[in-house]
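Quick notes on the structure that follows.
The letters A, B, C and D name the chains in turn, as written, and every chain counts its residues from 1.
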Amino acid sequence: MKMLINVPETVVADALRGMAAAHPDLSVDVDNRVVVRRDAPVAGKVGLVSGGGSGHEPLHGGFVGPGMLSAACPGEVFTSPVPDQMVRAAAAVDSGAGVLFIVKNYTGDVLNFDMAAELAEDEGIQVAKVLVNDDVAVTDSLFTAGRRGTGATLFVEKLAGAAAEEGMPLERVEAIGRQVNESSRSFGVALTAVSTPSKGSPTFDLPEGELELGIGIHGEPGRERRAMMTSREIADFAVAAVLDDLRPSRPVIALVNGMGATPLLELYGFNAEVQRVLGERGISVARTLVGNYVTSLDMAGCSVSLCEVDEDLLRLWDAPVETPALRWGR
Amino acid sequence: MAEQQSGPDLDAAFFIRWLIACAAAVERDAAHLTDLDAAIGDADHGSNLQRGFRAVAEVLTKEVPATPGAVLTLAGRQLISTVGGASGPLYGTLLRRTGKALGDAAGTDRAGLADALGAGVAAVAQLGGAKAGDKTMLDALEPAVEALSTGYAEAARAASEGAEATTPLQARKGRASYLGERSVGHQDPGATSAALLVTTLAETAEAGA
Amino acid sequence: MKMLINVPETVVADALRGMAAAHPDLSVDVDNRVVVRRDAPVAGKVGLVSGGGSGHEPLHGGFVGPGMLSAACPGEVFTSPVPDQMVRAAAAVDSGAGVLFIVKNYTGDVLNFDMAAELAEDEGIQVAKVLVNDDVAVTDSLFTAGRRGTGATLFVEKLAGAAAEEGMPLERVEAIGRQVNESSRSFGVALTAVSTPSKGSPTFDLPEGELELGIGIHGEPGRERRAMMTSREIADFAVAAVLDDLRPSRPVIALVNGMGATPLLELYGFNAEVQRVLGERGISVARTLVGNYVTSLDMAGCSVSLCEVDEDLLRLWDAPVETPALRWGR
Amino acid sequence: MAEQQSGPDLDAAFFIRWLIACAAAVERDAAHLTDLDAAIGDADHGSNLQRGFRAVAEVLTKEVPATPGAVLTLAGRQLISTVGGASGPLYGTLLRRTGKALGDAAGTDRAGLADALGAGVAAVAQLGGAKAGDKTMLDALEPAVEALSTGYAEAARAASEGAEATTPLQARKGRASYLGERSVGHQDPGATSAALLVTTLAETAEAGA
């Protein structure tokens, strides 16, 4: 698979240099792989740190800025960052009000953030953690690694980010992050497999007439392979999977997310189908976001994430945000 | 095969030789490990360990710790700081805790190493919450520790058999667990790399004997 | 090629329904295929109308809103819209101050916008036109259709849009649009061919070890095929092609644009190389935009566009913009 | 082959039959036209004309204009309003201007049609700025008009030969011109569809004779 790269080994460092050049509002430490909003630490404000494997851009670096993350730690492609990065990020953004780690539920991310939390606390930084595990495709049980963190990460980062920006204390920001995660579910579909720079070819074989239902964002195969479906059928299936688990009684925010290689034209069309199903199910949609936000390199496909919101969460959603990938409000 | 003795023959230099041999072995098998991970994971296990063991080999050319314990804790810290993913903290912890268990003695023997490795493997089990049969590196590490009291070659064989025995299992931990039944029929990449490290240990011991 | 669609015939209409649901700030006429900012016509303000074939999203619909386009007319995939759409858009946004048509230089777009201009003038709307033709890959001569309009369309829409928002009269807005086009050049590279919904398979064959240099945004083959190049080499080649023609003496705005399927991680890495070449050439970069802005459905690849700016143009660039795909300022 | 006369045999119904036959022919050849356009253009010519001629056929089942001129101007307007791209305005103008040249006479004959079509083709040349040899629809249309004074079959043959003769040309107009020398060796899609419309004209004339 052809890629717009030099060599696989420098992909993440190259991208960070490119980010630094494009976004003077961010302070990008290429050597130590930490992306920090330039005005950090903001006095009295809780710091929000997230991170994870690279390859999901704009997540997380593209969500650093006022109203969202204070810092992001990009790991190697599809590989959790190391504790050193997280400790450095925490130190850079802590104003004394403490730091919230937003961690997608993968064994690697959990272990590394846990180690980092211990080390940061050793340095006198107060750390809280929110685990994101929204992917209903994965059976959750004591005997598995549990559900993956996918699209809902954006909800948690935006809403907890707005709460922190409003000056809420660490416990409140953490509680909101947790509430958002508990109110959110996602389901993803792949039309093509992903190729990582180090492997250089698709991680699995997905023939022309088939698709994978219930995929994650790391090129893992999904739970089930089926004959290719229409946009309408995929929306029916994905929304049903989410709603079977979420059963919202209040309005939702909908994220209709592209996995990377699906054209925006198709994503908007898919959104029309998602909105149709939600309407048929009597779910009221308060806000909708359509685009490539939580991606999987060059994978074609999409995911649907819903977050049930009350008025407080909706206010936090509408609050100003000023990051490379998400911007609104004033 | 050289007759194996459990005498006090394992000094810091031995562990450095082992880790450098591990780096070479990982370099050689990286693509295979990544391919195994592509089937039931995210196609990075080979490059993860490559990055980590390159860093270990590099640091050991600069710093030369005096004791086996210091060699292993340094290598473990290095893995934690460079690998990431699940295998970084797990292998890092394995080496660090094994090193800590060895204390600051100038040398150890096979029995001492077996005990210390047992502590390291227990720490991995505790950190990751997995147990034998979950289709993880533990399926190679646990039998290896047990067999190490008999001999190096036995440990290598036990680790390899343990790794191969993961193929029919359904994963219950790590990324492969997302696949449910679809994880059956593939050998676990972490168990495979664990067998590689133990095999390299046996080779190092044999070469040194 | 698998697509997230229902049937090829409804792709554009489906996408417009999805856009309408996602962007309450836009008024989307699905039947007549016109996307208009909700508050149009804005009293005293020149209306800006653009459009072209679909498949280049977010261009043009994603650039409708305060500070940029007043309306967009999406045609079928890769097919110029028809005059009826443009006349309707012009009527919807004209406040009496006149309307500027921003037209990418393709035979189809030019002919249809020309017809529309005549019809709109018959209805008493004052119409001016700016032609965008920035693609240096195409030899410009009296005996060809001339250069294609590609990435610079974003520059023209943003800068003329800001001028209109400031209340400048039609002649000034038109003059600025023309100046921006004359100050801009682009060059594009494809790693894969594009598949249109109606064809359903790649429009040309581009094997694994090769790339196309000098491609447009409609799946046309480029001017030259070469063995696959690194990000560094592609940046050297593309920037040289642009600078051989532009020779800027002032700072530039750089658009490092993805063709659709190239991951943002790679695009940022490519941006690092583009900035390196510009630095080596002594070009000062005033602003940089990295992302999928002027796309070609599922094509992997990138383009580089540069716009030489003076202080006035830079002020217009920094002026607030509030559209689905481009937002900043306050 | 029926003997061709240039008598006043072409009424509104004839042109409606022709346009509906064009719609069927385009439907049949759409994939081929799109494939030709994929090679040197943007792979939409077939679906463009499909959309346009479906609309033409549809409007002609609702409205039945009384004169050839009215039929052709209605069809031309319909193409302009539904096709888009380069071919929409060009074919739309071709039919509209041909229709205008026919005025409001109740019928015409082959010679009259040849004259009117000449005016239509001239309008296409003026609108698009192309001339014979530029590898466009004109390479089929111009010889067809000339041959139409001799007969329908001759016009069809001339159009087809004109279309085939575009293969070795380098495009100087339209999207294919971006390719420069790489446009050589492919038949122009617009010239091919033009030949299809003229061939359908000959078939319609022959069937009606």
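One rule holds for everything that comes next: a contact is a pair of C-beta atoms (placed from the backbone, for glycine too) under 8 Å apart; a residue touches a chain by one contact, two chains touch by 3 or more.
Quantities reported herein were computed from a predicted structural model and do not represent experimental measurements.
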Averaged-CA centre spacing for the pair subunit C and subunit A, given as whole angstrom: 29
Centre distance in Å when subunit A and subunit B are each reduced to the mean of their C-alpha atoms: 32
Separation of subunit B from subunit D, taking each centre as the mean of its C-alpha atoms, in whole Å: 74
Cα-centroid distance, subunit A relative to subunit D, in whole angstrom: 54
Per-residue multi-chain contacts in subunit A, two or more chains: 77
Shared-contact residues (touching 2 or more other chains) in subunit D: none
Graph class of chain-chain contacts, one of line, ring, star, complete, other: line
Set of all touching chain pairs, with the criterion as stated earlier: A-B, A-C, C-D
Subunit C residues touching subunit A - in the complex, by the definition given at the top: 1-7, 10-12, 14-19, 21-22, 54-55, 57-58, 62, 77, 191-192, 208-209, 211, 228, 230-232, 234, 256, 260-273, 275, 285, 288-290, 292, 295, 297-298, 300-302, 327-328, 330
Residue ranges of subunit D touching subunit C (in the complex, touch as defined): 34-35, 38-44, 46-48, 51, 80-90, 127-128, 172-175, 177-180, 182
Contacting residues of subunit C [partner subunit D, same complex]: 8, 53, 75-84, 106-108, 111-112, 115, 137-139, 143-145, 148, 196, 198-199, 203-204, 216, 218-221, 223
